[in-house]
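Pasting the structures here.
Each of the two complexes below includes chain A, the first together with chain B, the second together with chain C.
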Partner chain A sequence: MSNPIALLGRTAQYVLLSFAAFISIFPFFWMAVGATNTSPDIVRGKATPGSALLTNIVTFFTSEDLPRVLFNSFFIAGVGTVLTLLVSSLAGYGFEIFRSRVREKVFGGMLLMLSIPFAALMIPLFVMMANLKLINTYQAIILPTVASIFIIFYFRQATKAFPTELRDAARIDGLKEWQIFLHVYMPVMRSTYAAATIIVFMTHWNNYLWPLIVLQTNDMKVLTLVVASLTSAYNPNYGTVMVGAIVATLPTLVIFFLLQRRFVEGMLGAVK
Partner chain B sequence: MSSIALRWRRTLAVALTGVSLFSVTAASAAEITVWCWDPNFNGATMEEAFSRYQAEHPDDTINVVIFDKAAMEQKLQAQLASGTTEGLPDIVLIEDYRAQKYLQSFPGAFEPLNDHVDYSTFAPYKVELATVNGQTYSLPFDSGVTGYFYRSDLMEEAGYTAEDLENITWDRLIEIGVDVKEKTGETLLPIDPNEAGWLRIMMQSAGTWYFDAEGNATIVDNPAIKAALETYQRLAAADISKPVSGWTEYTGSFTSGDTISTYSGVWMTATIKSNPDQSGNWGVAPIPRLDGIESSVNASNLGGSSWYVLSSAPQKDMAIDFLAEIWGKDVDFYQKILVDQGALGSLMAAREGEAYQASDEFFGGQPVWQNFSTWLSEIPSVNYGIFTEEADAAVVAQIPAITGGGNIDEIIAAIDAQVRQQIQ
Partner chain C sequence: MAEDALETRGRQVTRSNLARSEQFNGWAFVMPALVLLGIFMVYPILWSLWMSFQVGRGMNFSFGGLANIIRLTQDPVFLRALSNTMLFLAVQVPIMLILALLCASALNDSKLWGRGFFRTAIFLPCVTSLVAYAVVFKSMFAQDGILNQMLMGLNFISGPIPWFSDPFWAKAVIISAITWRWTGYNMIFYLAAMQNIDRSIYEAARIDGVPAWARFWYITVPMLKPVILFTTVISTIGTLQLFDEPNLLTQGGPSDSTLTLSMYIYNLSFRFMPSFGYAATVSYVIVVLVGILSFLQFLAARDRRR
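And now, the complex of A and B:
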């Protein structure tokens, strides 16, 4: 224990880790301190707490119909996450359990589609939504994300660890295929679901480009659009922007801490 | 049974009458939708304009939707490119530098307003930039008429008064900067090496641009551009500027006192006045002109934007009528937005109003707005073309070479080559 070389190594380790922790925590610190300062103070680089927190909060909460905006964001992220998990996990399960040569080809084709950037899909998708009369609706944002190739892939990989014995036993007990999925697969894979929840919720919550294109009116705006429009002014109020950034960050943080243990399990593999 | 059915039928009839009544009121009261990007500036002026229109049309309403500026442009572009007009607003704000890009890329998407607006009452350069084939599409809004903003108290310390900064050339300004630094140790200007606004200011002051009226590149053999690049090189070499990165650092530099002046559009006034403790310590002079270029005047432009009506607008007639009645004529309205939002419109008649005549204590009692509107009328017209952004990028790519003391002719050739490659 008292070996000086080991001690030195340990010290270097901690110094390095502290440095890394500082780098990753500083933006959050800056955001929190900024929320308490006035805009000119933030521009000057003041890194100590100020007294403008209340003003900033009031300005932010009166700048738009915030309850409505928060509802929009939560509704889209919530419904979107549930639907995405349901559809994509079902697909991932199906691809792994019911294999065939054709399905493998379909799956390979889907993986290829992952490489198409969204910017290339944006305009055709917009035309499609316009033809379906879905512009400026929740469906326009939620529907295109429900079948997420990445999440399907993720569930397929996780399903590889799902023991076939469990499925066979369930079959012998007389469960139908959908009952196996619902009553055996889903409970066993809950860590995978937890990890996927964080990923999907974050994607929906942070989604910016597509809502920007497809949402048209103030009462449909989501939080990302509101925070972005705060910075667009010729003379932006950075204190208010920081309050907006905190409000936008909190839900993801809360969900992450709630599901943290499961998230790590899910990343390591759900079934032990 | 039959009484229940009857009750239901009656309810239904009442409900239907209600619905039809509602739709009748909906038909007479219209709502126009406007897209813009600053709630405190263009958004607020739009609300004010409409409240005046409402006095005559009490049933009509406005819906101002604020987006991030770059985002709004992306949104508009995507939607125009998709060919679906559903969801597009009635009126949209477009930055002047991009006007030609939209007008030429999407012919028929915007409505010409020549039959409704008397364009001779607006600053000529604002009208020119929104004109394609003799049709003008914009209702000119805020101008980016430039000025040289300086800390009068610190300039005075070095022995310079407001008169010393009137009608000077850029080279004279460099001399003053060197002298100020010697006497007081203060740094004259912040300079952002990722930004080409200085060149746009210098070019337009000489009535030239990257492109001619037909859209051909005019970068090589353009004496004004050559003089501008040489001036910038001298400015960088004189050690009177502080390099900054990005907008926040740039504005922070002169509001905090790190540097003592900047050249910018009139819209910078609000940023400068956001520090009330510096009241009385600022002055505004006309922008310097280029040395040795005869066409160069002490007036130019940086930025600015205008309102456009979309041809597909659901309330097109009302949108045009509103713009023409309030934005096109109402001198009082322009006084109000000047005082409340610091918005300097482009309607020349507005300058005779009270607010324009007033002096500003923040700027030591100068009649700042009167001055700006005088310079506004002197801005040379140029054709911004559709590739200003691409040309800007080509210039920014060469800024290290310029400040590093490179050969200007070679630099111009490099800029020209990059621009030609991009616009093919």
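And now, the complex of A and C:
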């Protein structure tokens, strides 16, 4: 640290990171403080805790059939995440372990499809769901997102680091291919699964546009739709919506903190 | 000799059995995903391609040839949405990726104090629920809100900025919201890739007296080229599909100044009298744009590598 240029660099490093961290965290602080304030106070920019927390909680939890809404959100995100991880990791493993010229072409085609925006699929999917009488059902939300090209690609990349010796040893022990996947691959790759769980759960939990189109009755609504409709009111009650925002953020935050250590490991494995 | 032949044949049989079981397993593992992708991706893509040549309202279609494409060129709302989307893309993606790269290289330092804290803090925004951060941003950017107060307190501005009623500032709100949310996400990709770069390259450069900025520009950036390309393509796709933020923060306003292509497709299909054929045509504009831009980005990355 005797070198003044090195000291300057170090300072710049801390200034940049502190600034970025402050900007990143401030809205969370704002959300927590907002939940304790009344709507006029929030809009006036009051940044100190107030005394309206209880009123806000009660207003939010009585504004809709919240237990039902929460159940819908958790059910869709939970089932969706498990199915997505299963189907997509099977495919990623299959593409990497069993190579064939035809499947390489199929994989290449899939990567091209990664660039197709959801907006281009939205209308045909809606009409398809309407024809299958699936509008306003859980299946309509979950099914289209289960085979995720991005997650398949991610698992294929990660599988490159899966040691061949393990698979050979398991084969010599007489394990069938599906047993190798279930009893060797899945436990060994748990970091990869952890990272994928965060990403997949987040996408399902935060999904907004597709539920907005497909879910039409109040008893099927998910949390994102409820919070969004409270937000886009002409004169929203911010205190109440802040409680909603916290409820909508907590599950992903909890999952993130539980799996965080593995998350970074998992990402490292995929980028290698 | 006969024995030899028999043995060879025997080996061929087992080998072809093995090959056949490899083939079977290969398809078995990928089949669930392929079936689902076929139903929920390939079929809709082809369907909407066909739709884009149909005209008519609701569920009554008739073949219209290129009528929809001609309508595009004369539709002021479409042109507005297109130019807004391109503006978001041109401004937001570079800002976000450069910020992510800077943060990642500042974090890629094992001697840094509080490394885990900074990494988690900067990554945290992308874990939030979209609707949650929309309401937080909406209240922070309110006319008398915390942000205007802070800026006025620091004497950066003399009066409050009309964030949501001015077309320019409304765009700025959208851009800062997306940047806030996704910078940390991209940073993690860079950070993961940086940790795979051999430390000794940096040590050698340091001993040779190469300054920090040059180490960043001539070692880090070229080594990260594949990841930078990947994040650029992913962010381009994301921004071209932008829907959630403008829909929740500005509803496309004021006077369509934050209307995006995806919002326009949504409006055409579900808000106004449904015009699926024309909406499908607009969605193919996004597909074509993504195709062209990804191709250009691949070209650019390849050129510089030579």
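As a working rule, the second predicted complex is superposed on the first by the 255 of 272 C-alpha atoms of A that agree within 3 Å, B and C clash if a C-alpha of one lies under 4 Å from a C-alpha of the other, contacts with A are read in each partner's own complex, and residues count from 1 in each chain.
By our rule, a residue touches a chain if its C-beta (ideal position, glycine included) is under 8 Å from a C-beta of that chain, and two chains touch if they have at least 3 such contacts.
Just so we're clear, the structure is a prediction, and the values are computed from it rather than from any experiment.
Asks: Following superposition onto chain A, is the placement of chain B relative to chain C best described as a clash or a fit?
Replies: Clash: chain B and chain C overlap once superposed on chain A.
Asks: Would you sort A:Ser232 into first (chain B), second (chain C), both or neither based on which partner it touches?
Replies: The answer is both, since A:Ser232 touches chain B and chain C.
Asks: Give one of first, second, both or neither to describe whether A:Val43 is in contact with chain B, with chain C, with both, or with none.
Replies: In the superposed model, A:Val43 contacts both chain B and chain C.
Asks: Scan A:Ser88 for contacts with chain B and chain C and give back first, second, both or neither.
Replies: It touches chain C, and chain B stays clear.
Asks: Kindly classify A:Gln216 by the partners it touches after superposition: chain B alone (first), chain C alone (second), both, or neither?
Replies: The answer is first: A:Gln216 touches chain B but not chain C.
Asks: Just chain B (first), just chain C (second), both, or neither: which does A:Gly34 touch?
Replies: second
Asks: Looking at A:Gln179 after the superposition, I want to know if it touches chain B, chain C, both of them or none. Which is it: first, second, both, neither?
Replies: Neither: A:Gln179 stays clear of chain B and chain C.
Asks: In the overlaid three-chain picture, which partner chain does A:Thr203 touch, first (chain B) or second (chain C), both, or neither?
Replies: A:Thr203: touches no partner chain.
Asks: Once the shared chain is lined up, is A:Asn136 touching chain B (first), chain C (second), both, or neither of them?
Replies: First partner only.
Asks: With the two structures laid over each other on chain A, which partner does A:Ile123 touch: chain B (first), chain C (second), both, or neither?
Replies: A:Ile123: touches chain B and chain C.
Asks: Counting residues of chain A in contact, which comes out ahead: chain B or chain C?
Replies: The partner with more contacted residues on chain A is C.
Asks: Which region of chain B runs into chain C, 242-250, 278-286 or 296-304, after the two models are superposed?
Replies: In the superposition, chain C collides with chain B along 242-250.
Asks: Could you tell me which stretches of chain A are touched by chain B in one complex and by chain C in the other?
Replies: 43-45, 122-123, 126-127, 209, 213, 228, 231-232, 238
Asks: What does chain B use to touch chain A in their complex?
Replies: Residues in contact with chain A: 33, 37-41, 63, 65-71, 74-75, 78-79, 81-84, 86-87, 89, 248, 251-252, 255-256, 267, 270-271, 274-275.
Asks: Enumerate the contact residues on chain A facing chain C in the complex.
Replies: So the residues of chain A touching chain C come out as 5, 9, 13, 16-18, 20-21, 23-25, 27-28, 30-31, 34, 42-45, 47, 87-88, 90-91, 93-95, 97-100, 103, 106, 110, 113-128, 143-144, 146-147, 149, 152, 177, 181, 198, 202, 205-206, 208-209, 213, 223-224, 227-228, 230-232, 236, 238, 241-242, 244-246, 248-249, 252-253, 256, 260, 264, 267-268, 270-272.
Asks: Touching chain A in the complex: which residues of chain C?
Replies: 22-23, 25-30, 32-34, 36-37, 40-45, 47-48, 51, 99, 102-103, 106-107, 109, 112, 117-122, 124-140, 142-149, 180, 183-184, 188-189, 192-193, 195-196, 211-212, 227, 233, 237, 240-241, 243-244, 247-248, 251, 261-262, 265-266, 269-270, 276, 279-280, 283-284, 286-287, 290-291, 294
Asks: Going by the contact rule set out above, which residues of chain A touch chain B in the complex?
Replies: These residues of chain A touch chain B: 39-40, 43-45, 63, 122-123, 126-127, 130-131, 135-136, 209, 212-213, 216-218, 225, 228-229, 231-235, 238.
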